[in-house]
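Here come two complexes built around chain A, the first alongside chain B, the second alongside chain C.
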Partner chain A sequence: MTVSLAPVATDANSSTEKPALVIRNYSLSYRTDNGLVSALKNIDLTIGKGQTVGLVGESGSGKSSMAWSVMRYLPPNAVETGGAIRLAGEEMLDFSPRQMADIRGSRMSMVFQDPSTSLNPTIRIGEQIAEVLMRHRGLTKIEAYAYAEAALARTGITRPKEMLGRYPHEASGGEKQRVVIATAFACEPELIIFDEPTTALDILTARQILDLFNQLREETNVSALYISHDLGLVSRVVDEVSVIHKGVIVESGPVQDVFRRPKADYTRQLIGAVPNPDRWIGVDAPAVPETLVKLDDVGVRYGAPTKLQKLFWPKDSETTGFWGAKGVNIDIRKGELLGVVGESGSGKSTIAKVLAGLQDFEGRLEFAGKTFANRKDIDRAYRRRVQLVFQHPDASLNPRQRIGTIIGRPLKLYGVVPADKVAARVAELLEMVRLPADYAKRYPHQLSGGEKQRVAIARAFAAEPDLVICDEVTAALDVSVQAAVAELLVKLQKDTGTACVFITHDLNLIRQLAHRIAVMHHGKLVDFFDRPDARSDDRDAYTKALLDAVPVPEAAIA
Partner chain B sequence: MRKFFSSPTAVVGTLLLAIVLFAALFGPLVAPFDPQEFHPVARLQGPSATYWLGTDQFGRDLLSRVLNGAPATVAFGLFATAIGVGIGSVIGVIAGVSGGWVDSTIMRILDGLLAVPDLLFTLLIVTVLGGGMEHALLAVAIAFTPGMARIARSAVLSVRTRDYVRAAVARGESGFYIVTFEVLPNALSPIVVESTIRVSFAIMIGATLGFLGLGAQPPSTEWGLMVAEARQFMFRNPWCVAIPGLSIAMAALGFNLFGDALRDALDPRRSH
Partner chain C sequence: MSWGYLIRRLLAIILVLVIVTFAVFAITAILPGNAAIMILGEYATPDAVAALQKQLHLDQPWYMQYYSWVSGILLHGDFGMSLRLSLPVTQVVGEAFLNSALLAVTALVAVTIIAIPLGALAALKRGTAVDLIIGLFSYLGTALPEFVTATLLLVFLAAPNTGPFPAGGFVAPWEDLGGFASHIVLPAVTLGLILLAHVSRQVRSEMSEVLSSDYVRAARLKGLSERRVIRRHALPNSLAPAVAVISLDIGYLLGGIIVVEEIFAWPGLGRVLMYALENRDLPVIQAVTLLLAGIYAVSNLVSDIVIALLDPRVRYA
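Presenting the complex of A and B:
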């Protein structure tokens, strides 16, 4: 027993033979008000020494439960109904919580999804890394800091010494995730669990983190379990992949085999749902381009100076606040689908809010011959003809109203149909978004995320608008649901001839749908082009970087 | 419902509340004696077979007096809270919905009022209005208004920025529709929970005013007044102070625990 805690070098021979992690026939359930709910069923998973295994599944598939089971950090209502989890041959289910505390961080560590919540905001970064080293490797404070500096340098942070003295809020999202990764690698563990480590980051940073992961893996020969919902991304980093669906592993094998020759129906469905930029599913572009809405030099300034500030401190007032968007010129044509792409904070949602009349703006908004110079001018006719669909379907439907009331409201408000025909029209609209008509009697919480988003889309189309703005409507949904919602949107566009502004950060998806694409960066419109020109040479450098950063799934290349 | 009763707080609260409400509704009917009937031979007695909870300085049956006082005491708490919550919510909703300088003005004035302790504020109002049950009730209601306005405002503020409200704004809905159909139904639960807890404070303040002689007047059987009247005889028969005192505690605790349990049950962040 003493051997196992000795430095890795001495028993290197024995551990090369044993796989880093073996999970055999493992099952897990949660005790809830409705009795035992099974989360994982008969899971078998092996991670060889120096191997990276991907675990792919949609939300609720049990992939996070798996991570917590391996870390032996389960909630009190978890019931393990059998099986084995072995770390380098040792049965972890038998370990006491105390033994596990020694193993976590030294022999096994974890990288979480959101670096801004996994670092303690009140402790300096250096201290957070050094703590792990002092606790598990018995280094002195000075040694630990020196080692931490080296660890940070290895993750590509340019000034590691400076970073050690900073607080988490003084580092960017990418830097924070590098710190978390440096901490995870600090004690040279045998196994690292990555739980969606790039989901909370923007595309370019995510790309860098993936490269870093690949580089560190080669240097350290660590074994890793990589959990993700993103097939394209997983295909880039792992050797073997297991696809998990409703707590059961439906398929596993080498990554090329699984993606090129999927055996299970679910895997095939999952791969088919991944957006492929070369497969066009949008409607035909309008034959004669006719401008519907025009944004003319539109700017939005958050924290704009008050009248008092302008009066007394005219100089300061020019620099106060922050431009959410500045000098944006976009025209939207009748019947087209315009994609707006950008990272978080690029100003794409600000533009959506301006178009929906929710945000005060400078500049001019032209619609059907009318010009609005500020938000208060926008009239009801405009509000009827321009509808907005929000990102989070949970938040955009009033939880106390029934679906029928929610969809029926625009019908009544704008008098689209006579009062006695509202119920019939609601049923029609539900059918249009492929939901059963009796959903009208339900409340939003009785629906799944994808169904709720369909309701929100039905509400937007109920007003029979000329333009529907979709603000990241697929971002909160699973891949397969995402594809269905995108297809639904295209179908509705085909049927009604409505123009659509589709705001997203997913370039692969938008290249399937949009006729023209606008790229935003730091509140400015940096590029605006027709879809076929996406790869042409006169694209902006930022557009090119974005296009190169997007992982195209293996299956799509093949 | 089963989930609500799974916590001991909810069970105890509901039980106490049931007893108190039973006394408030049927107390006068089930009381064994006339609450004002003197029994000169049995003064200041402890509990016995005839007088279950003992007698006071005039030989009046304490059980009958407590049961007869229940409707007045509980009704006082409920009505004072209802009026306070009503006025407070209206002010709070106005402040929360309008925002800007209207909100700032209203809230700064309320902040000033909140700085005065509830009881002191009530005493001040009673001094101006004069004593008596109705005035005491009004005083408690007014004292509750600033606190309730604050809670209503924060409830409205948290709902006001939700996407479904923004969706209504984007549709071009009228302000009235947005407030009544989108904001209020979703802001209601914190207000309901808070008012349940407030009933217990109202009962206690009402009893305190009675004790100080500023609320109900003799020969009323209001519980606070009963304590005040029996105070001189406290050492000869502790029962005549303890019984009305415990009744007040029971009513207050019942509403308080019930309110707590209701909050836990209604607040999705606390229940899993």
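Presenting the complex of A and C:
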């Protein structure tokens, strides 16, 4: 690999102990149809021995490119335009692919974002750990399996021997991430790169993985690069942090300093956007609470027995299928923002689907004096007055329709405005969500993620509904965009008086927005309380566990 | 995959075969013309026709005919007598089936052995000249119908006196293995060329996807050798769709075999079926059709079992 190396002054203390990783003046570009596109510019980063350095940035900031550069695993169109990356003083840019293959997995390893995709689905877990040991340590199969068992035990897997014989789909998300971590630690590497290792996990599982990370760090004295978009989380696990924006490190330093006294504008902006549970930004609730929608003993059973099954196997009909939600009683008041929180599979999206009239249910749904006992009873008037915004605007906006058509649909469908006024109303709605009126002519793919979600929100509000259900609408967005979308939603509520059900797994965010919060767990409503009571003693144990599991940013505590 | 699943699948196959017997029986019964007249010729006397009808039980109601046909198969393994050859159908069809099976299995095994590495190679060399050539070659194989490929092969490789292969005919492998081998090359290549592209393209697209998956990236970042990454992590996960395609292709193969056997004078099921259709030899048509349906159903089951062995996630579904 021929890369022009910038002269680098050796550190004064390098004679005693070389830092685990040193990146100096490193730049990277990608060759595209539009010429060279710069991804990383003059990066400087040092990870001392036993130190954990955080790399924080939003999507497209270059933080993943950084990880691939360090692992020397770049796509063919990558062009390195200078600099140095040194592992314990050795220049990795000079290493041959064969030398790199010897280093990967042994001296330097990686923990990935999603354990369900980073493990091979057709190979037993034992072999996936043992193969690294056999490759780098030259262990025999029997030795490698014994070692793998010990490595799994160290990550807190209770029955490591049994786990070795399982396939990935037979393990839970948390267990799979423990397997990935055990594999990364197996050869006792000098450096481990953690690429958003908790993002794909549930709140409580993420917390356990974080605790495991801290425990292993202390036990092994490994050096780590911790990549994340989550400032609150990073502030809890790293010693030093670098903030990266558009391929440039805008600020570095000890984590306390960076979060309490940010110097760069971008860092300040990023910290400001992190949801702070103690900073309330919601609308004032109506003085006199008035019920808009009421769910009375609502249940949803997925895989419910068919008529044929009931006829032939009546005994089984109670046990087949599983309850996505059971015995849920919730009332939604006019003009309020009701938060629904829970982990994946808790039933929160099931409730959203029932409210939107998309899911068959048992029990009763009351709306404005009318009672529906069945999804098929739900009429068009109801559908107009209850609108839904989905998590992924990419999937919910028709890619072949222009924005104007998408927002105009409900206007025409429900006859909200006369046909000749539709275009004008679309322009007004776009302005309401702070988008230029000429976006009406564009297609969804020409918009950014945040802009697309604004369009989805405008489409929901176009029908002039009484209730808007937001199902994880900010989950796919960057922190700063997420804050803007949340603020937009609050503003729209203020302007229109529409009630909102906000479904999320982000407890910090919901405590900023909601009047009341419902907590769901395994399909049941386990807790329902007013926002100020979130920390009161009579909260359900599960609610407490959730709240304790979420890292609150350093800056918020200070 | 449980025993219950296997039993359900076997029952389904039996159900399919029952429906096929009805269809086969109905079609031959509905066909215009009368088997007795067909056999005796259009100048036969009414008395002779009536006598033959009685002998063939054609004077009985259809359900009686169906019953005696099915019970003959089930109780005695007897498909009746060929109308034209005066031989038991089992004897006519049995030998032909064996010959066809030799040809089909040879073609299928050759395709599997060649197409899977070819597809994997194309995926690994994606976008290069190697990929392009493999793609071009296999598309050509699919685009050309059997009779064109067969003609080309005959012209270039089986010219009288100079060609290395015989132009047609059959030698049983237990009589002369070398003779069998030289006779089977051209028909097997003709059959295989068509399927080569199906299988290799399927392996290529699946392998490309697997190669860009997170777990293959993870395997590479563990420092595993490229050889292990491909052979242990990527290739086994790319085969399931190819197996599904091969099993669907067996249907295609059964069609192709009729043409190929005719061209290369291979005494198999295809030739028997052609002969039976031309001569309206009903018991033979019925037996061959039932046999083909059975092969197709069983090969689908086998492919599902192989897929389950390749992917543990399917085993428990």
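The definition used in the following text is that the second predicted complex is superposed on the first by the 542 of 558 C-alpha atoms of A that agree within 3 Å, B and C clash if a C-alpha of one lies under 4 Å from a C-alpha of the other, contacts with A are read in each partner's own complex, and residues count from 1 in each chain.
The rule is simple: a residue touches a chain if its C-beta (ideal position, glycine included) is under 8 Å from a C-beta of that chain, and two chains touch if they have at least 3 such contacts.
Please read these numbers as outputs of a predicted model, since none were measured by experiment.
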- Clash-or-fit label for the pair chain B, chain C on chain A: fit
- Item | Spatial angle chain C-chain A-chain B, Cα centroids [nearest 10 degrees] | 30
- Who does A:Gly303 touch here: chain B (first), chain C (second), both, or neither? neither
- Between chain B (first) and chain C (second), which does A:Thr117 come into contact with in this model arrangement: first, second, both, or neither? second
- Task: Could you tell me if A:Arg400 is touching chain B, chain C, both of them or neither one (first, second, both, neither)?
- Result: first
- Task: Return first, second, both or neither, reflecting whether A:His136 touches chain B, chain C, both chains, or no partner chain.
- Result: second
- Look at A:Pro410 in the shared chain and tell me whether it touches chain B only, chain C only, both, or neither; answer first, second, both or neither. first
- Task: Once the structures are superposed on A, label A:Gly35 by its partner contacts, choosing first (chain B), second (chain C), both or neither.
- Result: neither
- Message: Taking the superposition on A as described, I'd like to know which of chain B and chain C A:Arg383 touches: first, second, both or neither.
- Response: first
- Just chain B (first), just chain C (second), both, or neither: which does A:Pro418 touch? neither
- After the two structures are laid over each other on chain A, how near do the C-alpha atoms of chain B and chain C get, in Å? 6
- Of the residues on chain A, which ones does chain B touch that chain C also touches? none
- Spell out the residues on chain A that touch chain C in their complex, using ranges where they run on. 71, 73, 100-106, 109-110, 112, 114, 117-123, 131-132, 135-136, 167, 169, 180, 183
- Message: Could you list, by residue number, the parts of chain C that touch chain A in their complex?
- Response: 213-225, 228, 232-233, 236-237, 310-313
- Provide the residue numbers of chain A that touch chain B in the complex, in ascending order. 33, 356-358, 379-380, 383-384, 387-388, 390, 392, 395-401, 409-410, 413, 459, 463
- Task: Could you pull out which chain B residues touch chain A in their complex?
- Result: 2-3, 162-164, 166-167, 169-173, 181-182, 185-186
